[in-house]
Structure formats: structure tokens, C-alpha cells
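Got a structure for you, written out below as C-alpha cells; questions coming shortly.
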Amino acid sequence: MIPVLDVRGLKVTIRTDEGRAEVLDDVGLKLERGRILGVVGESGCGKSTLIRAVMGILPKGATVEAGEIWFEGENLLVFSERELNRQVRSSRIGFIPQDPLLALNPVFKVGTQLLEVMRWHAPGTRRDHIARLVMLLRRMQVPDPENALERYPHQFSGGQRQRLLIAAALSCAPRLVIADEPTTALDVTTQHQILLLLRELVSEFDLSLLFVTHDFGVVAELCDDLCVIYAGQTVEAGPVQTILRAPSHPYTRALLACHPDRATSFVGIPGLVPSPLARPAGCLFAPRCADVRAGCDVRPGLGRAPSGAQVRCVQFT
Amino acid sequence: MKPIVEVHDLTVMVGGRRGLLVRNVPPVRAVDGVGFELGQGEILALVGESGSGKTTLGRTLLGLQRETSGEIRLDGTTVSGLAPEAARRARRDIQYVHQDAGAALDPWWSIGRTLAEGLLIHGVRSAAERVDRVAEMLAAVGLDPAWGRRYPHEFSGGQLRRVALARILLLRPRVLILDEPTSGLDMSVQATVLNLLLELRERFSLTYLFISHDLSVVERLSDRVAIMHLGRIVEIGATKPLFAKPSHAYTRALLDAVPRLEGRSTSIGMPVAAK
Amino acid sequence: MKPILRKLARDVPAMLGLAIVLLVILVAVLGPLIAPYPGDASASHLLQRLKPPGNGHPFGTDNLGRDIYSRVILGARGALAIALTVVGVAMLIGVPLGLLAGYRGGWLSETIMRITDIVLAIPQLVLALALAQLMSPSLESAMLALSLTYWPFFTRIVYGETRRLSSSLFVDALRGVGAGTGRIVFLHILPNAISPVIVRATIGLGFTILVAAVLGFLGMGATPPAPDWGLAIAESRLYLPRAWWYATFPGLAILITVMGFNLLGDGLRDLVDPRIRRSR
């Protein structure tokens, strides 16, 4: 079966005032149909650039230097801006943003904003669109879905706003949904409810979900597969249970050791993610790695660890 | 353990507005009859969701928000019922570390100048002494003293938390109210900040009131936990037994909702619906 | 600070404005030294009257035979002095009022802001004319009148910034640390609020030069024989259109100077606009 999303060797650079930033160096990930793939990494690792590249909304000055983004068997990178807008964005890829308050315009009614997107991307009449939205809002357990469309964003609580945006992401019946840390701004109980809801929606609407987060706990609860990103590279990828049980890459191990559920003492990872303007010559994690050995001065490729996960470390190549 | 802070039946009403031209808005009972003790050297976590009143409680202890009724005692002396400026003076030993450490710094002032300012306000007249103490404290929180010349935007999130801690510790407080000290930080950075908090507690014999909604951090860090819901403390007790055997339904709901590394939680739906 | 300056250097219109402003300042400072006939500020040479440009008078001569080129140069100092005084006085009134109203709140703030609104609602030129008329027509009363009409702009800006900043987290933190009101207002809020004030002041300098010229034109500003640009245009009316140069060159001086300040002000505004500043 063809994966819904298959990113291979993606390399993206951004021109900045201080020079050329290598934001993504070699990112690969594979999202099979009906599954939830978690993408984890510290801030500054290129998670948001990855999302933008898949959605085709890279910022000005950014160039895709190499790689392929296959979506349902089509390479998105050969699409023109116009084709992307018409055929892919919103209609086949839905997006759930991090901050629901920033994503909604406070001066327009919720219905106006949600229907605007459907007008461009969903088949059918306005009446069909309203019917579908009300159905979705009811499914999202938004109270009083018939009248919700007539209300303004500030009249909803944070959790409800996030539900509105999930409904918006599903409004054009997409195949793939990308969620960018959609629960970080929420309380734990609300987060829990949203995660359960997402899980149900994936099977109910035959979706595939790409879930970006920095919280391993959320990954463990929600995701089937996991892709750990460090400094613009995929460093470990495989089924969630495999990686959580036996993390292979030193970075994955260090990140997991920071989680309060696992930490024996609070040590953290020394140092910072290297700046995309000045990446070290060898393995990108070597400067912070507790397990440096001979051969770390050469950039490793992806290999296979005994656990079965794909790992980018000299130990496994 | 001798209590350093005692709170009895504290109620705080916030908001509310009466005016000639504006609509009358009734005040909200943000903190509703709360009582607890804070022992010398302990870490008490104040856990609750947004709107539970935990931040208001923290600001009231500090004296930035006026209590409506109830009593606050610091070292056995009553410090409640005072006018705002007097309250703040009486509670100098209690200090507050903001959640958004970057926004709590004046963007136009270098870190060193901001840190020295606190000393100046607290009566350290000698400029040389201020410089020395700032450098010493920057080192104590794990920053290079030479970074005092830098401006807030030049620091990372984790470094800003350290700056905020240094600024407050220079005032030689005994009780620190830490408002979500790790929210928004990466796991790797969060761990180092928590570690620093434990270290500083030893070094400066501090007592922490730790406001957080991150239960996995609370479980690891605090000695006791107070669970707040709708302005009241619904459950308070030592961390281990409380996490192992929560007695209040809301506490159970909170604990069930925490994402755990040990895999998917099986409970579908919430025992207590969040409002 | 450096990247901000680099950004300004890349803004061509702003750099043009800056160049014009620097040129005007230079001319104002060096005036009597670079003017070919510095004595023409007051002297008259009736034999030379209304000579067209050329022949030792690049801008021609006026009705009293004075060299217009020299008088345009000599006029720069007056124009700049008026502008700086007016904007300076307006800031001295407007900025403290804005700080007070913004930080204190309550009836005092309401009173200050309502007066500000009222003054803002009156067309500036009309108010300035009325005030200048009340006092005896002279340069001093024109400057005072302009200052009294311009301060509300600063009050409004500073009030808004102060309101925003006093509810900001860093001011809250300062209160927690125990900082007093004076320290918070003057050492923290004022420096943070000053950027939009500088922008407004720069644009205000150009605007004031324009309004001062209008007052001069209407006979309520500078008095003859001062080499005032507005006054020169007023005097030229009798000799138009034959002596076109008489009004043209003082007019161009006003146009270019005002444009210079406006371009610079716009460039500065782009720099301090927080939306642009944050997207480094």
C-alpha cells in the first residue's frame, strides 16, 4: 500500500541576514494510511519548517534543496503554487494549529470563517457546507452546534476553540491532518479529551494524522509511529512502542531520560541545539552526546538498530 | 516542621467594576476560603487548571492582589489586612517568579542592570557591591557573569528562567512562589531548570510554593500537593500518598488525564466533565 | 541596536529623508557663512530689484533687490528653530500629561484625556490662528500657539503606550521587586514608550515648518524683514506671475524640508513598529 505521506531526504535552507540557514538537512518520514505519526524534537529542530514544507507554505527566502514529498502517490514538490492551493491545501490536507486563539479572527463569526474555507475547497452548496459543519461540531461535542456558527471566537473556551479548529480541519474531508502541538496551550483534562477525540476521529473519518509535539507522554498516549528529529535530521523512526521500550539513538535516550516519568534525577541534556547557521561537521548530536566514540566526526546515515527502528548513529551503520 | 507561612480562610474577590458610564460587573470569588500551611524548607505544589484561582492565590500571598477576608501569617506575624504598599513591604521575604520570564524583564535594560536594580531598590548603595553580587548570583544560577551585559532577547527560554531566578534570589527571599516555572520549555531544558531549583533550595534554604498544572513534574519535585478547583483547595496532602490514592473525584480526574510514558490510558471519557 | 541601523540604511526613502534633514541642519547652522550675501537678511538694493535667476543671483532677487538664494539659506535657521521649539515645548507638555494619565487612571486621567480629545477635535490651523490673533502677531506668539495645539498628539501616544506598558508583565515584576512609582514610570515606562514619540516628533517637525510658513504667509508669524520662507511667498504675491522665481524657491525649500522630515519619520515608524520589529 502506498503511504499517505512519504517524505524523503528533505533538505530546506532559508536565506537570512546572517547567512544561509540549513533548517532541514535530511528529514524522512513515512505515514501509513489510518495511522498516527508523532514527530518529536526540541524547539529549533525544524519541526515547523517540516510542516510548512509539506503544506507548501514555506516562508520567503526558503528553498527546497533536495528531497521529495510524496502525498498519496504524487510528488508535491512538482506542483505549482496554484495547483497546491486548488488541489491539496485544505481540501486534501487539513491543519490544526497550536494556538486556537491566534488562528481565528476575533472580529468575524466562527461560521463565516469556517465556511469561507469550504467555499473554495469543498464541493456542494452553502447549505451542504453548513450541514456538514453542524454535523462535525456535534461530533466534536461543541455545545449547541446549530448556533455555534453564529458566535464569535471569544465566546468559546480554549478547549472548545480547539474543537472548532479540528472541525475546520476536517470540513473539506481531507485525507491527511497535520496537527502542530494542538494541546500545549490546554489544561490536562482538556488535553486528555482532545487526544481521545483525535484518536476516535482517525478511524471514524479514515484519516492519517501527523502529530507534532515535544511531549513524549502525549506521543505514548496517542501515536502509533514515532519520528524523532534533531537539528533538521530524522535521528530515529519506528513504532512508538518499540522506541519507548528500547530507544536506540543517544538523543532519544536523553530526551526520554528527561521525562519526569523516567528521570532518576533532573539532568537534562547539556548544551543547545546547534544553530542552523553553523552546524558541526560530524554527527550533529555529537557535541551534546554522552556516548561519543570513534567515527562520530563523520555525519552518519540512517541505519537499523537491533530494536528494529531506523537510527542515525555511527553505532548502527 | 515550623510553618513559615500560614493561611487561614482566605477569600479573594477579583474584577468587578462600578462606574457612572460603564456597565457594572460583579466581582468573582477567585479564591474561596482557602487555608494551608507552608513549612520551612518544603516544596508545596499548588495544582489546578486555568481559572482555578491558583495564580490569584499566589499574587495575594505576595501582596500584589488584596485579600478580601481571611488571614495570612508570615513567621507567626499577621501580614494581611494591610494597604497594598505596606503589605508588600511586610512580605518582602516572599517573592514571585513569573511564568513568562522573558516578558517580566524590561527589554531596554541589560540583564546586569535589571538585576542590580533590585539591589538598589533594597538599599544596596555601593555600586561595586551591586556588581559583585550580580556576578556571583549569575554564576549561582549557572550563567556566565559576563552575560550581564546582554539584553533579554539574546537569551533562550531556559536561560531566561535562570535570569528571573537570579533577579529574585538577589533580594534574599525565604519563600519563592514559582508560577509554572517550566511551562513552554523543552523537556531537556525543563529538567535542568528543575534541577537548578532543587540546588538553589539547598544553597539558599528556600521554601517553594510551586504553582503548576504539569502533574508529572509536581509528582517528582514537591513534598506536598494542594489541588485547587474553582477557588477552593479540594485536597491537600503528602505527594506520594495523594498520587497513589487520591480521595477527591477531581483529583482522580486530573491524575487520569496526565499523559504517561507507560502507554495509552484505557479510560475513555472523563469521570468529571471539565466546565 | 546595530541591526536596526542596518535596516534603516536599506530603506531608500528614509535615507533620502535623513540626507535632506542633515542638509537642512547643516545649512541652518552654517547659514551666514555659506550665503553669498549674508547682509541681505535686512539690507535692500533697490537697483537690483526683481532680477530673474542668473548673473550672481542663482534664485534671482526680490522686490527689494535682495538675493533670494541667500534668504532661502538664511531662512533655514528660523524654520528649524521654530520647529524644534514648538515640538520641544509640545513634548514637554504632552509627554508628562500622557504618563500621568496613563499610569494613574481615575478621574485625573479622564479629565486629562477629555481635554486632549477636545483640543484634538479643533482644526489645528484654526486654533493656532485664533491663538496667534489673540496675542500680538509675532514669531513668539506663533510658536506658542503651535505648541499649544500640538501637545495632545504626544499625550495620546504616551497615554496609550503607558496604559499598555503598565499592565505588562515586566512592570508587574518591578512592582513585585518593590520598585517605586517614579522609578517604574521614568526609568522603565518612558524609555519603552519613547520610540513612537520620536516618530511623531520627526513628522511633527516637518508639519510645524509647514504650519509656521502658513502663519507667516498670513502675516501672523515672522515679521519683515526676517528671511522667512512663508513670509517671502506672501510678499511675492504682488509680483506674480511675472517674478515666478520669487515664490518658487522659498516654496521649494518648504516642500523639500517638510518632505525630508516626513520620509525620515515614516522610515522610523517602520523601524519601531512592533509587528515589523519582532520579525527579525
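A few points about this structure:
Lettered A, B and C in written order, each chain numbered from 1.
The working rule: contacts are C-beta pairs under 8 Å (C-beta built on N, C-alpha and C of every residue); 3 or more make two chains touch, one makes a residue touch a chain.
Fair warning: this is a prediction, and the values are worked out from it, not measured in the lab.
Common neighbours of subunit A and subunit C under the contact rule above are B.
A centroid comparison over C-alpha atoms places C as the chain most distant from subunit A. Computed centre separation for the pair subunit A/subunit C is 53 angstrom, with centres defined by C-alpha atoms. Work out the mean CA point of subunit B and of subunit C, and you get 49 Å between them. Subunit A and subunit B have Cα centroids lying 32 Å from one another. Across the interface of their complex, subunit C is touched by residues 62, 64, 88-89, 92, 95-96, 98, 100, 103-109, 117-118, 121-122, 167-168, 171 of subunit B. Put simply, subunit C touches subunit B in their complex at residues 168-170, 172-180, 183, 188, 191-192. The residues of subunit A lying in touch with subunit B in their complex are 42-43, 158-159, 184, 187-193, 195-196, 214-218, 220-222, 241, 244, 254-256, 258-263, 265-269, 272. By the touch rule above, subunit B contacts subunit A in their complex via residues 49-50, 156-157, 184, 186-195, 198, 213-217, 219-220, 253-254, 256-265, 268-270, 272, 274.
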